[in-house]
Amino acid sequence: MRKNLMEYNDGEEMEILVMIKESKMRTSKNGKPYLILNFSDASGTIRGNYWDATKEDAQRYASGTVVELNGKREEYQDHPQIKIFSMRVVGENEGYDFSQFVKSAPIKRENLEETINKRVFEILNPTWNRIVRYLLKKWNQEFFTFPAGKSNHHAVRGGLAFHTVTMLKDAEGITNTYPQVDRSLLYAGCILHDMGKVLELSGPVATKYTTEGNLIGHLVLIDEQIILAAKELQLDPEAEDVVLLRHMVLSHHGLPEYGAARRPALLEAELLHMIDDMDATIYAITRALQYTKPGYFTDIIPSQDNRRFYRPKQDEAIDNSQKLE
Amino acid sequence: MRKNLMEYNDGEEMEILVMIKESKMRTSKNGKPYLILNFSDASGTIRGNYWDATKEDAQRYASGTVVELNGKREEYQDHPQIKIFSMRVVGENEGYDFSQFVKSAPIKRENLEETINKRVFEILNPTWNRIVRYLLKKWNQEFFTFPAGKSNHHAVRGGLAFHTVTMLKDAEGITNTYPQVDRSLLYAGCILHDMGKVLELSGPVATKYTTEGNLIGHLVLIDEQIILAAKELQLDPEAEDVVLLRHMVLSHHGLPEYGAARRPALLEAELLHMIDDMDATIYAITRALQYTKPGYFTDIIPSQDNRRFYRPKQDEAIDNSQKLE
Amino acid sequence: MRKNLMEYNDGEEMEILVMIKESKMRTSKNGKPYLILNFSDASGTIRGNYWDATKEDAQRYASGTVVELNGKREEYQDHPQIKIFSMRVVGENEGYDFSQFVKSAPIKRENLEETINKRVFEILNPTWNRIVRYLLKKWNQEFFTFPAGKSNHHAVRGGLAFHTVTMLKDAEGITNTYPQVDRSLLYAGCILHDMGKVLELSGPVATKYTTEGNLIGHLVLIDEQIILAAKELQLDPEAEDVVLLRHMVLSHHGLPEYGAARRPALLEAELLHMIDDMDATIYAITRALQYTKPGYFTDIIPSQDNRRFYRPKQDEAIDNSQKLE
Amino acid sequence: MRKNLMEYNDGEEMEILVMIKESKMRTSKNGKPYLILNFSDASGTIRGNYWDATKEDAQRYASGTVVELNGKREEYQDHPQIKIFSMRVVGENEGYDFSQFVKSAPIKRENLEETINKRVFEILNPTWNRIVRYLLKKWNQEFFTFPAGKSNHHAVRGGLAFHTVTMLKDAEGITNTYPQVDRSLLYAGCILHDMGKVLELSGPVATKYTTEGNLIGHLVLIDEQIILAAKELQLDPEAEDVVLLRHMVLSHHGLPEYGAARRPALLEAELLHMIDDMDATIYAITRALQYTKPGYFTDIIPSQDNRRFYRPKQDEAIDNSQKLE
Amino acid sequence: MRKNLMEYNDGEEMEILVMIKESKMRTSKNGKPYLILNFSDASGTIRGNYWDATKEDAQRYASGTVVELNGKREEYQDHPQIKIFSMRVVGENEGYDFSQFVKSAPIKRENLEETINKRVFEILNPTWNRIVRYLLKKWNQEFFTFPAGKSNHHAVRGGLAFHTVTMLKDAEGITNTYPQVDRSLLYAGCILHDMGKVLELSGPVATKYTTEGNLIGHLVLIDEQIILAAKELQLDPEAEDVVLLRHMVLSHHGLPEYGAARRPALLEAELLHMIDDMDATIYAITRALQYTKPGYFTDIIPSQDNRRFYRPKQDEAIDNSQKLE
Amino acid sequence: MRKNLMEYNDGEEMEILVMIKESKMRTSKNGKPYLILNFSDASGTIRGNYWDATKEDAQRYASGTVVELNGKREEYQDHPQIKIFSMRVVGENEGYDFSQFVKSAPIKRENLEETINKRVFEILNPTWNRIVRYLLKKWNQEFFTFPAGKSNHHAVRGGLAFHTVTMLKDAEGITNTYPQVDRSLLYAGCILHDMGKVLELSGPVATKYTTEGNLIGHLVLIDEQIILAAKELQLDPEAEDVVLLRHMVLSHHGLPEYGAARRPALLEAELLHMIDDMDATIYAITRALQYTKPGYFTDIIPSQDNRRFYRPKQDEAIDNSQKLE
């Protein structure tokens, strides 16, 4: 049970502890029901079919269940899959941590936390500094474990903080090139912009949207948190700097069509939107290129207007992006 | 000084107390500066040109100044205007109330207040009822004097409450036809939906957008008020009914392109949007038809996609709409 | 054979007279052809698969055929279906009425007819009154049995008249709130606006678009009927009131993209469009909420821009909407 | 009075009979009202300013008035204008024909009529042939004198028939290249497609939209004519060939956004739309190029998405297009 | 083996040499892999399923393989398919030409070549004439064998030249009707506009996009060819006529959204775009109508905004379009 | 003549050498023609009116003329203007350099050149390195003096190279954060992406679009230069690295609607587009904020979707952006 799920080769048998990330019942056309199961651990995800499933099987092997899986890796239509020999549900009392079955961001939590704290020191405006520190403390556990999305960009454990850290690096470079940009405001915006996802999403495992997430959305949810923080910290909620910070988070999706409650009307708000967009774009394209051989185009990338991207033949140096997920 | 501004006839002279609603300096092509002044009182607005204006004149006769105007009404290119003989600035100590120079909604404040209070009783959900009553009390003075817009629909003193009252009447009819609609939620939504305008706009006289109005917008501003009210009333802000009410106000513009922070996802939220849209549309078309002779098309109406509307030749019964502004 | 199709429980056997609403041939991947059949009676529709079907079976069990069905209700992937034991085609001579296999609007024809006739009395303009009465008489049978759509809103027997009646109720409320609206014109528009569907659609059973429906559309088809009615009634087709009525029906889809031959250019035409849109929207959302448990979102609703709507946890009073279909 | 308006040179004096095509009152910034007059005869249009105009002057020199003009042609900001010495209104009893003051299509009425009649013979389907001949006869006078538009393409006397003739030539070429196209249907469509303009527009002089034109539009107006013609000719209005012909005219604007009541659903309907579009486009670009020197771009052409077109330096052979207007 | 693939009737057995145009592996729900094969020869394409396929079968029967097929034509869900009895791979040494398995344009290469050469003589501008002749010679073999598209319009052997020839015929008719159009420029544009496809596409058999095709596109690829031709022919690349010709090819898709590097800014460029669009549209609609019975609508045509087109009941003369593919 | 144009105060007289950047004739409503003149030197631009101008004056004081201006600075409607006392045309023989009348980029040419050359060393791919060096040499003089636009972003002398340099700085930061990005390709793309403007624009003084610029556009013009450079350097134009570089420049506008001949299909191409967009956006917003007082919104910025941006009250540190123009 030492080896990770993705480390088995074609034809190799396995006996391994994995989580069922997703379970869907289907029926073959000859009338027999079966389950499509996505098994996962920290190394990744592989599919397997469980034939002749009963209603009880469907309940037993639901999404989120941890099982001891006995099976064999096979190649099927250019994609790996698991031929299932047998499975046994493993109870929570048998000693495991759900987080061991979820992929994590390529940077460790300590390092993410350290980088962010360092930037907080550079937020010179005291109002912004206090609100950012208050909320980082209030939501600390969630902020450093949640993904940045259900399935799109940075959809890994710790992805939210990882996304924040790469954006802070971008922001640093840009404020070096353009000294007219208010670094404090841009840093505060980077750290808070997606923090509402700790309320919008259900958590790092088997992530779903919450009802609040669906009906209010993470932009207004973090705005709510800023209002409550300001009240708690006895800051005047009508002061200009509170209004500026709220505008940053409320406008960071750029266009209303993409969820912005307001179009950016500050230089820093426009930049926050652009950096956010750039970081998510680089992540999505890089991930698609990882699965593509040099000389070929990627599959369609839905988040990029269904475009395909080309991996040049001469490309051999993309290994460092392996760390992405 | 008994007669109102709009009651003078073509060629008639006047000596009257009016407010300069708007003052703009222009220069004629022969090099002489002059002022374009819009005079107003409770009966309406007429333009006049002040020739050979100095810089001092421009400062003296700024927007918002009250003057004693001596002049004559003339017809010019199918529009009335004032030929100015003389003007004298009237100080605030000379005893007038700014509100006397602003047009008002056709229904009196007492009646508006009574109608709204009656509907509040029909809001059966206690959370919604308490929040609505709390905010109606907190913003009472503003809510019953502010317009609903700077220049578009219901841009009159008390227009905000007037718009709310006609929407409540529409909501009553609709919940009669469709019993599956939650009347309490729809009424609460109608009353609160535009209340954020008390923060978005500067007031009933010489109305402008505030900085908060520009950077946050009235949808999120009333959301903020609901959050603070819930905290004050010790209601659980995570309770479903608070979330539903917030969704109502955050989504009432329907489409993100029109300012909705979220698209409606409740039957009642969709209806709130539709009623709001319908009431504003009827107001805009009716106002344009008032200025149009039977058998002709109105001028272009910007809020209606630049459409023109036709006033039928047979139409003689539109007098009741005179009350609009 | 007393029980209706939808009244059987999971696992219960049935012997029942039903119509095959739709029949499609498919082939399983192991090469065997089978039929997907949708059985329906006045209580609703359930699917069943007919395995190992021959070409003759496909012809015998075509859409629109009435059969005596012997089978059992089963639960399959969260949806009910029928396991077919045997079927026998029932000839028209065996004494049934097609209408007994089609769901009907929740209000009886007599009541619909009575409500509409009452409104016709309130159409004071004699031209509109005569045209409306002429066409109601000419198309009486179709108007009170056709659905308002093939599969979208009010797709039930009598749906066209039912849709008309709820719109007339809305129109009544609105003309009470806004006296400047011409009630006669709005009522005439409500009654005629969708009447072209009696030519656009094939009928209440197994509804399809006619060739005329596809090539001309119901807006211009009812316009044609108005022209011919005016000629028949010896009304001057160039008179303004005929032109106004034609404009009402030609513009009632609001935007050209949604089929309007002209954008509304009368206050009443704009309102007709808004009421039509509102009634169809309420119908579609209500129907989707009926199939949704409190605390959940509906499936995607195609006619509502693929939005999902939320049914609040607190919701228990939606039973009255059961009557919808 | 032999010379035409456009034949005078810069600085030359004139005494000439012209029509005031358009008259607008303006006020100079030094407070003096004046009239902007557009004078026209069959050779074209030139502007002149009438200074110090009284209200009586404005009424006397209204749009559509014929005057004896005494003045001088001057160059002003690269455009010619008339310096007015004096004007005298000329009564209708003094013997002139309004048509002499309006520019005409470059082909004579007899020739247009002959070309169209020749094509009618090639419409082999008897239904289409009879309807086309019936309507050509009914609207003969209007069809051969009306323009095809108020100000856009083919806005000259006889422009409607001229536009029809060039389209018929295009249709002939296309049906030669693609024998699968039904020539009869395409020819019938070409002849009728814009004939509704005889009801939509007010006439060849001082052209305006009629109320019917605004509220119904020329596509549905010609559809009405086809319905009435079919009734008159005792043709079955439900017959497929009548429906096809109606579809041709109802869909000829291609997209609903451009006024089509239906998108084309016949090969011939799609072609009718394309030929119409092409002919109007060539007219608009050619007219703009006529006013442009080789080596330069035209002014913005509103009907062509505000594009500018380039007239090549090598271009010297565009003289034949002078005939356009 | 004399009969062509499409000439066999339902139920008839065959032993025939065909190419596998496309081969895709699928798995049936009972777990068995199989191949979907599209067999083709010069007469057309039919599908067949190869059951219980191994990985080796998939490699053996790859796209582009020629096989001796023993099987039987069957009707399946209204579409013909082949029931496969056996297949044998036929080596290239067994004497066949790939072109015999690909459908060809309905006009012979000699005739296409002759028509185009005749038009080249009418290109009077020597620069355009020399460039056109240079490129026709350089790419002669490809130009007369490549299709005009991978799967959309004119996707047959020789389709590129066939498309060019019908466009030249259209251009001739149009320049006859409108003498202001520069025929030389329009002809040169027609001949070159799609010639970049000889670099964008891989060839007439099993056509794919090349990397250059994907990253540069055929508009800029033919622009490159013009630049290199001008250099080779020692023509001044800055001369206006070279720039005009480049503008023609770079703008011929009309709108940037459809791939135009520049919107047309010459009358001839606009016409080139319109003719190209019209020819492709006629081809697509005609092909769809060929598969449709009189009185029915075609399937959705993706290239025509998913519209369906109607084939009139009276239509019996469409046989000549059979030649299309 | 030591003081620069922008250094004079309100009411101060001047005698100064300036260029007439733009000259337009207008006529006042009392019939007198006058010239609107925009005077400029390296410090900026101010308007002045030249009253009672003759045709000869208009020719004498044309755009691009250098004059000795005697006048006085005045404040007029919140904007400075020059009251002209007298003007004298100064001949080119009187010893001045046009460049002294044009504003320059805030960084000196030597420094721009040095920064760019340093980056060229980091382009490791020999093909890209040679092409970049070849074209930098070929267009050296133009590249370091041309603006990046006629009136939008970086519309100053040397603006093209200045824009390139800030983009290279951005590119450096981004390739540090994301090591998977090919730095060589991104740098080569930055340097070449706008170099086609040396052919698209007429030069640094009185900048206009060339005919080539209008008909071909700078994206395809630099593509042409790469093709010719590759030929000159005997590089294989079909090699992948040439194709990749061409794709970079052809796609750098991102969307076809904004002029991209191809949408980006390389990670580096997408980044080039984003950096270009970001740099132009920062420039446009910063410039607008420079003219705006703290606590106010800028005028509408056309290049930013007509948005207004807010300059916070607390903002005092924007002085460094003064250098922009």
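Before moving on, here are some points about what is shown:
We call the chains A, B, C, D, E and F, going by the order they appear; numbering starts again at 1 in every chain.
Just so we're on the same page, a residue touches a chain if its C-beta (ideal position, glycine included) is under 8 Å from a C-beta of that chain, and two chains touch if they have at least 3 such contacts.
Because the structure is a prediction, the values reported are computed rather than measured.
Of all chains in the assembly, those touching subunit B and also subunit E are A, C, D, F.
Rounded to a whole number, the gap between the C-alpha centres of subunit C and subunit E is 44 angstrom. Contact with two or more other chains is made by residues 26, 28-30, 211, 214-215, 240, 244, 265-266, 297, 310 of subunit F.
Listed by label, the pairs of touching chains are A-B, A-C, A-E, A-F, B-C, B-D, B-F, C-D, C-E, D-E, D-F, E-F.
Contacts from subunit A toward subunit F in the complex involve residues 166, 169-170, 172-174, 176-182, 240-241, 244, 263-267, 270-271, 274, 277-278, 281-282, 285-286, 289, 297, 305, 307-310, 312-315, 317-318, 320-321. On the subunit E side of its complex with subunit C, the touching residues are 26, 28-30, 32, 34, 49, 51, 76-77, 295, 297, 310. Against subunit B, in their complex, subunit A makes its touches with residues 211-212, 214-217, 219-220, 223-224, 227-228, 231, 237-238, 240, 243-244, 246-247, 250, 255-257, 259-262, 265-266.
Looking at the complex, you find that subunit D touches subunit B at residues 25-31, 211, 214-215.
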